[in-house]
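In what comes next, chain A is part of two complexes: it sits with chain B in the first one and with chain C in the second one.
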Partner chain A sequence: MKKETIGDSLRRVDGRLKVTGGAKYSGEYEVPGLTYGVLVPATITSGTVTAIDSKAALRAPGVLAVITPFNAIKVPGYQPEAPTRIKGLKLFNDTQVYFNGQPIALVVADTFERATHAAGLVKATYQSQPHETNFHKNIEKGVSPQNNKDYVRGDVNAYKNAPVKIEQEYMLPSEMHNPMELHVTTAFWTGDDKVTLYTKSQGVISSQRAVANAFQLDAKNVQINSRFVGGAFGSSLRTWPHEIAAIQAAKMVKRPVKLTLTREQMFTLVGYRPLTIQKIGLGATADGKLVGISHESHSQTAAYEEFTERSVNVSRFLYDIPNVNTLYKVVPLNVGVPAPMRGPGEATGSFALESALDELSYAVNMDPIELRLKNYAETDLEKNLPWSSKYLKECYQKGAERIGWSNRAAKPGTNRDGEWLVGYGIGCGAFGAYRSRALAKIKLMPDGSVNIKSATSDIGPGTATSMVLIAADILNIPAKRITFELGDSSFPVAPTQGGSATISSVGSAVHDACIALKQKLNALAGKVEDSNDDIDYAKVLSQNNLPFLEITQESNPNEEAKKYSMYSFSAHFAQVYVHPLTGAVKIKKVVAVVDAGKIVNHKTASSQMIGGTVGGIGMAMTEEAVFDDRFGRYINGNFADYHVPVNADIPQLEAIFIDRPDPIINPIGTKGIGEISLIGVAPAIANAIYNATGKRVRELPITPDKLI
Partner chain B sequence: MNQFQYVRPAEVPAAAKAFTKGPNTHFLAGGTNLIDLMKMGVVVPERLVDINHLPLKKIEKTPGGISIGALATNTEVSIHPLIKESFPLLSLAINAGASPQLRNMATVGGNLMQRTRCPYFFDTTMPCNKRVPGSGCGALEGINRMHAIFGASDKCIAVNPSDMNVALTALDATVHVTGLKGKRAIKFADFHRLPGEHPELDNTLQKGELITSVDIPVSPYNKNVHYLKVRDRTSYAFALVSAGVALNIENNTIQGARLAMGGVAHKPWRLTETEAFLKGKPVSLDVFKQASQIAMQGARAYEYNKFKLKLAPNTILQALTTAAGLKA
Partner chain C sequence: MSGKKSNNPSDSEEFLNGTRRDFLKKSSLLTAVALTPGRVVKAAEEQWDEKIAGVFEKVSLHLEVNGVKHTVAVEPRVTLLDLLREQLHLTGTKKGCDRGQCGACTVHVNGVRVNSCLSLAVTNEGKKITTIEGLANGDELHPMQEAFIEHDGFQCGYCTSGQIMSAVACIHEGHAGSEAEIREHMSGNICRCGAYPNIVNAIQAVKNGGQS
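Here is the complex of A and B:
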């Protein structure tokens, strides 16, 4: 029988379920007595709710409750005396309004339609205050976040005194989280102090902790289920206030409550990549050796909560630069709080750094790849550590070949194909390769099948598929005999799916659990522990009179890793056509080359790269949440006006993996690709557009008006 | 969403009659615009007259041209052999709009009548003279990137969002309507109106009048045509600017020209002066450049849509060169 190994291309183990509708998402659970919650958003941007008239809503058919700051039961974790106080917005705990769209009431009814209708009947009275939502006007009010350390290496002014100098500002608008699946929570209490949730979550254990903290419950009395997630991209890394509100409502109406956000509410309640302005100062010698860099970043955050990300960090280590300083500030405004969005701050930072580097390449008249090679960082100068592994040079080379870099014209605006201007660009990125503690429980059944459980998630990458492949490889049995279950907080503890660390952390736990099982079986079969001989698992069980064999294995990062700097690296290449009269851009091809260590499953890894590249194309070309400061509201909070890229925007995409194991990070040698797939895409495209047209666009997205 | 009555007449007279009964009645065709507006609370009907069962779906030859039933879907029109042969500009324009799913539902009558996509019109918490006369224009000093450069008033600077309408105005279509007072025919150019003092009125249709068909007269404009739509994403986005161009070229001379623009005015913007200029001129890049400048006479931009002053002539120029088969 064919046995699969790490590095194969295994089809998604849940693919059939997903395409046949058999996969059950959090909004699809029918719980007896289910009721529906619909949020009522504030229509002021700052101030207080002075009164809420719920009479008409309560009279409407099917309505069970209208929950407001004036009648809501207290959430214990929101109170000042709580031992572990919940951070962020505390819905219905007080009457303060921090941003437009903040929920001020929750209507619960017996059907979704009735709840929606009644929500429209709730009348709020407000005391408005002046609001501050204009980022540009308030940029001076930026503050250095708590725990933020601005960074200096060498001489702060070095770049200014260099023979060649680039000083530019780059702007990225807010990009809204809009996974296909809306955010949804179904909450029901199974006892006075016991609650169960079906909710969209990237981490069932962290959701469990958050809910336990909010309601001051024993964590084991909180059951979180999130078996299938229809995309999350960082929007479900935390437990949002409306999830807590659903639990609160379930307690108040004493029935299960399902709360689904509307698409419009997705624009205000589940975070976004924040509007960020970055200033780069880059100095080099005439022959392109970098002398110094200054990278300053200002990002928008909420008045009620500080959100930070690592937009400036990349400038400290990606290139060999002796003098570096970075500064990071956040600007609190009357807006909802941002959240990490795929490739988070690293993608934002790489847009600025890689654009500036491209500008420098023209200033010193040097091929952009040459420039990068000339400043190649052989070690991590920020941490002062060797890389655990780094094959970025190989990425440059492979990508250049595949995109046809030799056809690139050194002089912008000179390469034509008919009416169209043709350009090529490169953009690079790095994302930390992490690993944290994870557990997996492996169970061998008498029929020789294996079941593995871990409280990890799958927000799209195909986690279960990769885990099955790892197990198949180590146990040396066919993949179809193995099942992997996730998304259940009663399973052994695993980290939240974020930061591209699942394959490294949970993959290691699965790896270690399989080794442990094999050793046990070898011992039972009377062989040396690490024997690699084929053994008949089922037979070993029956010979030893065992109904099954179960092992829970904990897996931890190794000490050795502390001596290294660990990153995944990427180089994205784009070929674009630009129409000089209309500013229309056709992205002809994108090649994404990644050094992410050993690739566990090529098929799902390629899909992940393609998905990330599409996200990067959105960032470069179409996505922008447009705000009207007079009203404090987004004017394009819907899918007609907020443009995510459609198929017609997406060209042929190619994912290439260096596929060399990292010797340090974990036993498999795999580093993670979720974020890196998006980091560097936007500058690759912007740089290609410059190469085609000679027009440098420093404000994303690159819409036609910016190119005519 | 509020509660409303729903009726579904089977004959045109019954549909017109149904209209008189309720004070706030709307015809429902494909629903791709009306239902969205109802969900947003922009339109709050007390009565919906579903016209989908009326016999108004035919696309047929008439002595003078082609008649398109008001309930023919956008897809049916765009792929119809008669249309593709005689009025390819219309096919191109329709296919440049929305998405296949929407075009499968959207009807010709509904497309003609679709409301503006001005974001302030769509958000009931914001001022908008078109939605609530006298409440002010949110776009005038707001984010007006998508807004008009021709024919606007200080009451409203919205644009008609339709692609189909651009072709229909260029092709000199006629809109046939039936109301309680009987039938009448409206020239396409007179169907939509400029905002003036009454932006709440998109067109000249009288209360209760039902569009039954759109007729297009035969013309020689079926060879050198092009519809060029510039937009923020490659598909499924409204026009920043669009240009519909049809030229009648003989011996390298322009015998006649039909030109209209979308995304620039409260109505599909027919360029009659530019057409007059082109008539009798030779096909040349120079002539087209001049034409594209003439087309811009009277243009006026607002804070965020100044780019249209350049994009619009560029788009016309490109559409003309493509239609004429010239290399730019």
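Here is the complex of A and C:
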């Protein structure tokens, strides 16, 4: 019988549930006595709420409660005396308004429609203050974030004195995660000190800790379920204030409460990639050897909480540059707090760095790939460590072949196909390869089937499928005999799904659990521990009178890893057609080539790469959250006006894997692809557009008006 | 639609007359209550307004979902999407925007693809609704469902129900003649995970296999 191995293309194990509507997301559980919560947003942008008139809302049919700062029960973790006080916005805890749309009340009713209607009846009175929402106007007020250190290597002024110099500014607007599933939490108390949640979470253990912390409960009394997550891209990495509010409301009305955000509310309440302006100073010799770089970044954050990302860090290590300095500042405004979004920091930073490098390639009259090869970093100069593995050169080569790089015209604006201008571009990226502690419980059943549990999450990449494949490979049994369960905080501890590290961390735990089970079975069967002989697992159990065999295995990063710098690397290649009269851009082809170590499941990994590329196309071409500073509100807080790519925007895309295992990071040798799939896409497209037209667009998204 | 039920669900005039009569009946009763202030106060104290509203705000509705006939009482403001998800517990149909902008809620109404979040439930009197739960033939998946699995036409799965319902309709409408045509006619269904190329491949496979 054919058995599946790591490196195969396995169909999703949860595919059938997802194509039949059987997969249950967090807002879809039938809970007896369920009520519906609808938030009431502040209509001012800065100030205080002085009074709330709930009378009309309370009289409306079906309304159970109107929760406001004036009547809400206290959340212990919000109070100054709390052992570890919750950071960030504390809903209904005080009357301060930090941004427009901040919830000031929560209406709970017996149906969604009644709660929605009553929310419109709540009347608030405010003491308004002047607000600051304009990033450009306030950029001088930027501050160095507490958890960030600026960086200098060598001579700060080196780039300025170099023979060839590029000094430019690059801007990215705020970008919304916009997962398809609305953020939703269903909360119900099962005792005075016990609470259960079905909530949209990328990490059930971190959610459990956050809720336990907020209500000062024993963590084991907090049950978090998040078995299917309808996309997140970083927006569900933390427990948001509205989730705490749903729990608070459930306590007050003594019934289960389901709180669903509207799409518009998701523009302010669950984070976003912050508006960022970056200045790059790049110096090189006339033959293209980089001498120095300066990379400065300003990004927006909330008045009530500091959010930082690593926009400038990529410039410290991606190329062989002796002199580097980076500076990063945040600008606090009356806006909601940002959050990590797919490729946080690096996606923003690589747009600036890779665009500047492209500009330099024209300045020194050098092929952009040649320029990158000339400055190839053989070691990590930031950490002063060797790479655990790096096959970026191979990425350049394969990508150039597949996109048809030899057809690229060295002089911009000279390659035509009919009335269209044709251009080619490259954009590279890197994202740290991480691994953290994870546990998995494996159970061999009397019929020889295997069940594995771990408290990780899956926001779409196909976690369970990859885990099943790893287990099938090691246990040497068919994948269909293995099940993998996740998204339940009562399972063995696992990290949050983020930072492209789930296969590295949880996959290692599954790997180690399978090895432990196999060793145990070998021992029971009277074989040497590491025997690879085919043994009948069910028979071993029955011969030893065992009803089942269960092992919980912990897996930790290895010490050896500290001696290396570990990254995934990518090179994206784009071919674009630009219409010179209308400024219309047709993306003809994108090839994504990735060094992410060993690829566990090619089917799902390819989809993840393609998906990240689609996200990058959105960043490059269409996505921009537009703010009206007069009122402190987004004017395009919906899918009709905030343009994520649709099917007609996307051509056939190609994902290519170098697929060579990293020898250090983990037993499987996999480095992660979630972020790398998006990092480098936007500059590849911007560079291709320059190659086609000779127009350098340094402000995303590249809409037609910027090209005519 | 109390009392007289239309034989022809598309007979909009009769439908409108029906609701207008219902509305007038209800409003005159509510007016009667409202004209006696003392009683209004008492009504409020005993939540009579809620109870009265509970009875009168709802409209009787007959419709067939996945071959099963339902008679339900719904408020006129309830969307078909919320009726399916919250009352009939058919949660396969998804809510992604509630504004007709994302397609996650796509169902078939009398064989035509519709954004169920833009359709008030009461406008579906006598109609036949097919949701993702009704697409397979027992355990046997619809060819489009099979193709979505084979071509990995999804990741998180949240837009998938709508994509598949749209994809089936796209072929039936004759809008799957080429890759470009499929892309155009599938652009009302957003997939934030970015599975578009795989979705197009799945639809082409079904189209070329003639199994739609």
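One rule holds in what follows: the second predicted complex is superposed on the first by the 708 of 708 C-alpha atoms of A that agree within 3 Å, B and C clash if a C-alpha of one lies under 4 Å from a C-alpha of the other, contacts with A are read in each partner's own complex, and residues count from 1 in each chain.
Convention: contacts are C-beta pairs under 8 Å (C-beta built on N, C-alpha and C of every residue); 3 or more make two chains touch, one makes a residue touch a chain.
Just so we're clear, the structure is a prediction, and the values are computed from it rather than from any experiment.
> For A:604, decide between first (touching chain B), second (touching chain C), both and neither.
Touch status of A:604: second partner only.
> By residue count, which of the two partners contacts chain A more extensively, chain B or chain C?
Touching more residues of chain A than the other partner does is C.
> So, does A:327 touch the first partner chain B, the second partner chain C, both, or neither?
In the superposition, A:327 touches no partner, neither chain B nor chain C.
> If we overlay the two complexes on their shared chain A, which of chain B and chain C does A:43 touch? Say first, second, both or neither.
A:43 contacts chain B only, not chain C.
> Name the contact category of A:622: first (chain B only), second (chain C only), both, or neither.
first
> A:252 contacts which: chain B (first), chain C (second), both, neither?
Neither partner.
> Can A:525 be said to touch chain B (first), chain C (second), both, or neither?
neither
> Kindly classify A:653 by the partners it touches after superposition: chain B alone (first), chain C alone (second), both, or neither?
A:653 sits against chain C, while chain B stays out of touch.
> Touching A:645 in the superposition: chain B (first), chain C (second), both, neither?
both
> Based on the A-chain superposition described above, do chain B and chain C contact any of the same residues on chain A, and if so which?
113, 117, 640, 645-649
> In the complex formed with chain A, which residues of chain B make contact?
These residues of chain B touch chain A: 1-2, 41, 99, 117, 119-120, 123, 125-126, 138, 141-143, 145, 228, 230-238, 240, 307, 310-311, 314-315, 317-318, 327-328.
> Mind listing the chain A positions that touch chain C in their complex?
For chain A paired with chain C, touching residues are 11-12, 14-25, 27-28, 30, 59, 61-62, 111-113, 117, 178-182, 228-233, 260, 262-263, 459-462, 603-604, 606-608, 610-615, 638-640, 644-653.
> Help me check something: in the complex, which residues belonging to chain A touch chain B?
43, 113, 116-117, 120, 418-419, 579, 581-584, 586, 621-622, 626, 628, 630-631, 633, 635-636, 640-641, 643, 645-649, 701, 703-705, 708
> Across the complex, what residues on chain C touch chain A?
Per the touch definition, chain C meets chain A at residues 44, 49-50, 53-54, 57, 75, 77-78, 82, 85-86, 89-99, 101-102, 104, 131-133, 135-136, 141, 145, 148-150, 152, 154-161, 164, 179, 182-184, 186-200.
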